[in-house]
Amino acid sequence: MKLTRDGIAYRVACDLPDGSYVNLGIGIPTLVSSYLSREKEVQFHSENGILGMGPMAAPGTEDVDLINAGKQYVTMLPGGSFFDHPMSFAMIRGGHITHTVLGALEVAANGDLANWRTPGEKVPGVGGAMDLAFGIKNVWITMTHVTNKGKPKILKACTLPLTAPRCVKRIYTDMALIDVTPEGLLLREVAPGISTADVQANTDAPLRVAKECREMAIPENIRGVALAAA
Amino acid sequence: MKLTRDGIAYRVACDLPDGSYVNLGIGIPTLVSSYLSREKEVQFHSENGILGMGPMAAPGTEDVDLINAGKQYVTMLPGGSFFDHPMSFAMIRGGHITHTVLGALEVAANGDLANWRTPGEKVPGVGGAMDLAFGIKNVWITMTHVTNKGKPKILKACTLPLTAPRCVKRIYTDMALIDVTPEGLLLREVAPGISTADVQANTDAPLRVAKECREMAIPENIRGVALAAA
Amino acid sequence: MIDKILKTCDQAVEKVFDGATIMLGGFGDPGLPGQLLEALRRKGVKNLAVVHNGAGAGDWALGGLIKDGRVRKVTASFPNNPGAIAFQDLYLKGQIELELVPQGTLAERIRAAGAGLGGFFTPTSAGTELANGKEMRTIDGREYVFEKPLHADFAMIRAHKGDRLGNLQFRKAMRNFNIAMAMAGAVTLAEVDELVPVGGIDPEDVHAPGIFVDHLVHCPRHPKLVEIGPPK
Amino acid sequence: MIDKILKTCDQAVEKVFDGATIMLGGFGDPGLPGQLLEALRRKGVKNLAVVHNGAGAGDWALGGLIKDGRVRKVTASFPNNPGAIAFQDLYLKGQIELELVPQGTLAERIRAAGAGLGGFFTPTSAGTELANGKEMRTIDGREYVFEKPLHADFAMIRAHKGDRLGNLQFRKAMRNFNIAMAMAGAVTLAEVDELVPVGGIDPEDVHAPGIFVDHLVHCPRHPKLVEIGPPK
């Protein structure tokens, strides 16, 4: 069975280390913070000058001056800070933010990432996507393994304009967890009920299967994580 | 009669416009703030991250965290601000500070300034001198007209290592007020009792004498300004 | 005496000229100079080049200015924000120019102008189509792109508190591009939630020192920027 | 849980290695990490390259480290400060290297490293002997000098308040080089006047976010840095 968006987010949350500084992209990445163990202390960063962001603001408590980069009303946790754009992107470009979790349109076997120009999009926009992809050491991708037309998104080489070359370190999909290594893609985990052959069949680049490759530990009944039918 | 150091500082203070942002070098420039008319509102800048500096701290009221670039204990005026070095030098380099008053070893007829390496100085040091000379539009020099051996300091060309080329706009000495213009040096004022011929005789570059050249208006009895014997 | 306070936004934008380059602060609503922009629309100045993170939203402020046909070029990182209908419409008709810049590069180019630098090398965009035609350089084994400073004739920003010296204090996520833009604008105009007497902002809390600000106007929040919850 | 607080400066400097490049914050006494420096002297590490505005004063802190013969190179703007006797003595004997950098260029090079830039063009020093051998470029009619980022293995700074997340708040003229150095150091160590609980520094008042700080130590003011007047 393929994972839900929440299932993918849960799996990512398991891997974020205590003490990491994390920038979450929009979409599935936004869900990651909800699944973070309370034992871990992670500071979330927003491009528009916030470190130490808390959950979305509850209705009626929104502060008009406190939004995240997706322009949603958010909250602050104790120990957070405000700063301006040059400082915020110094944190990104200077390698201080340790992890970013981003969506992707395509990822290549060498870690090339395409996530800023959708095919057929007539007005281009890049936002902070390139800064994140170039600046942060651990670029982790969350996405469905294939497009809604069933075409693989993990490719030998990207066909869409690149966001950054050779930047992706790890890919979390609804079918698998794959590391990008100097020797190519390494399949490390599969979603419950998915075989390594299934994953390869839906991937347009060769996968090595890790010796210790195993099924993902996704609790069936954790709050919000329902496994959808494959 | 030649002006005292305070007399030079007084003359400079007369010329600082209301609303200017000013960085004062050490020596004679430091005295300028004492002679500023109370009708004018000028914000003083210090390289180490202060705008809106007030007078020196009175003994017993010093704050160990509040020093100027000359490492003297100072005070703040209402409306001042603290910031860091990159911001402080952005103010200088970016042309936001409107005036700097600096000492000089030599000034050339084309505005070249030498004020950072004294002859025979074995350990070099530049501090913020170059940043000020390159970044600020109005570089005003205060100095004695000649060295203590009687040699001119205003020259056809500098002999000492330059601080910045073609940066000086105006020179205030104990003998004269001279503007650096695209057509060369223009003598605009002489100290009381000094002739334009005296000034030229002590200057190693040709001076044009302004049509409206006049004696400096330095009140004989203003507080702290005693005219020394020439 | 320094007194940079003007009574109205219309006075503040009086000197904006046809063809001017204008930086507009804000990221989303926080820090957006909505009322200065509305004054600019009323003035009717044209042929503007605008530097802003997005390309306006709806038909208000920058969105309105673009809809009115006053803008010839937008330099932005995110002009495809869903609300930027006026821009997208003109862009698809080929009636407005776009310089697309990654957000961090945009912020740094604005800061470079304000800080008197001639440009810098950034890794961002190296090897992508946004680096096409740009000077590349390998420094210590990594590829970098040369980026030039972005100057502006006018910068318009919004702050929380201001005094007659032009000192500004922001609130929460209002700072964004606004400090760098205040530095980069040849003339900087600010609208503020609140005017305070000189000394009303602690020297430790001045985010944009008055040296960067030419004029400021007291503007209560625009009706379209309703305070949803009470400010903390 | 993040807890960056260490008990002693000796623990904080434990990983400093021979040959390391170390940035030292402070301009005059404000922001100078005097007790970390004294711990570094006790540790006896050698062959250090130091980046600091000056070159130490007297025989304490950096002055002491230089006097002890632990420093092979100083990158500074003002190493001729009258108190830098130990440096000047070794320099005249040819026993210590000096890289002289204008103060604003020094600050900007440190910031560039922290911000992940590959270098920048500055007008400062163009046409002077400090630009000798450096790449020059004319940009928009003005001459600029290319300057590279300054990285460091360790940055040591002093702040006023700190929390276990590493968030730092400075006081008055303490900020100087310290925020940029915290950004540029691969490992950043801070000594602070006061430890506060998380949340004890308002998010608006955090000058160096904890992301830049690896360890901090509570250090009452050094006896040589007597508080002359009461802090306001």
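So that you can tell them apart, the chains are marked A, B, C and D in the order they are listed, and the count of residues begins at 1 in each.
Please note the rule applied: a residue touches a chain if its C-beta (ideal position, glycine included) is under 8 Å from a C-beta of that chain, and two chains touch if they have at least 3 such contacts.
If you're wondering where the values come from, they're calculated on a predicted model, not measured in any experiment.
Undergrad: Any chance you could name the chains that touch chain B and chain D both?
TA: C
Undergrad: Looking only at C-beta pairs that count as contacts, which pair of chains has more of them, A-D or A-C?
TA: If we tally the contacting C-beta pairs, A-C comes out ahead.
Undergrad: With chain centres taken as the means of their Cα atoms, state the distance from chain B to chain C in Å.
TA: Spacing between the chain centres: roughly 36 Å.
Undergrad: Which integer distance in Å separates the CA centroid of chain C from that of chain D?
TA: That pair's centroid distance is 33 Å.
Undergrad: Tell me, which residues of chain B touch at least two other chains?
TA: 76, 82-83, 86, 89, 92-93, 135, in rising order.
Undergrad: Residue numbers in chain C touching 2 or more other chains?
TA: Where chain C meets two or more other chains at a single residue, that happens at 108, 111, 115-117, 122-123, 171-172, 203-204.
Undergrad: If we use the touch criterion from the header, which chain pairs count as touching?
TA: By the stated definition, chains touch in these pairs: A-C, A-D, B-C, B-D, C-D.
Undergrad: Under the touch definition given earlier, write down the residues of chain C that touch chain B in their complex.
TA: 1-2, 111, 113-117, 163, 165, 167, 183, 198-199, 203-204, 206, 209-212
Undergrad: Which residues of chain D touch chain C once you look at their complex with the stated criterion?
TA: Residues of chain D touching chain C: 108, 112, 115-123, 137, 139-140, 142, 144, 148, 171-172, 203-205.
Undergrad: What does chain B use to touch chain C in their complex?
TA: It is residues 18-19, 21, 39, 41, 43, 45, 51-52, 76, 78-83, 86, 89-97, 135 of chain B that touch chain C.
Undergrad: List the residues on chain A that touch chain C in their complex, please.
TA: 46-50, 57, 60-67, 69, 71, 73, 76, 82-86, 88-89, 92-93, 121-131, 134-135, 161-165
Undergrad: Which of the residues in chain C come into contact with chain A in the complex?
TA: 27-30, 76-81, 84, 87-88, 91-92, 98, 100-105, 107-108, 110-111, 122-130, 160, 170-180, 207, 221, 225-229, 231-232
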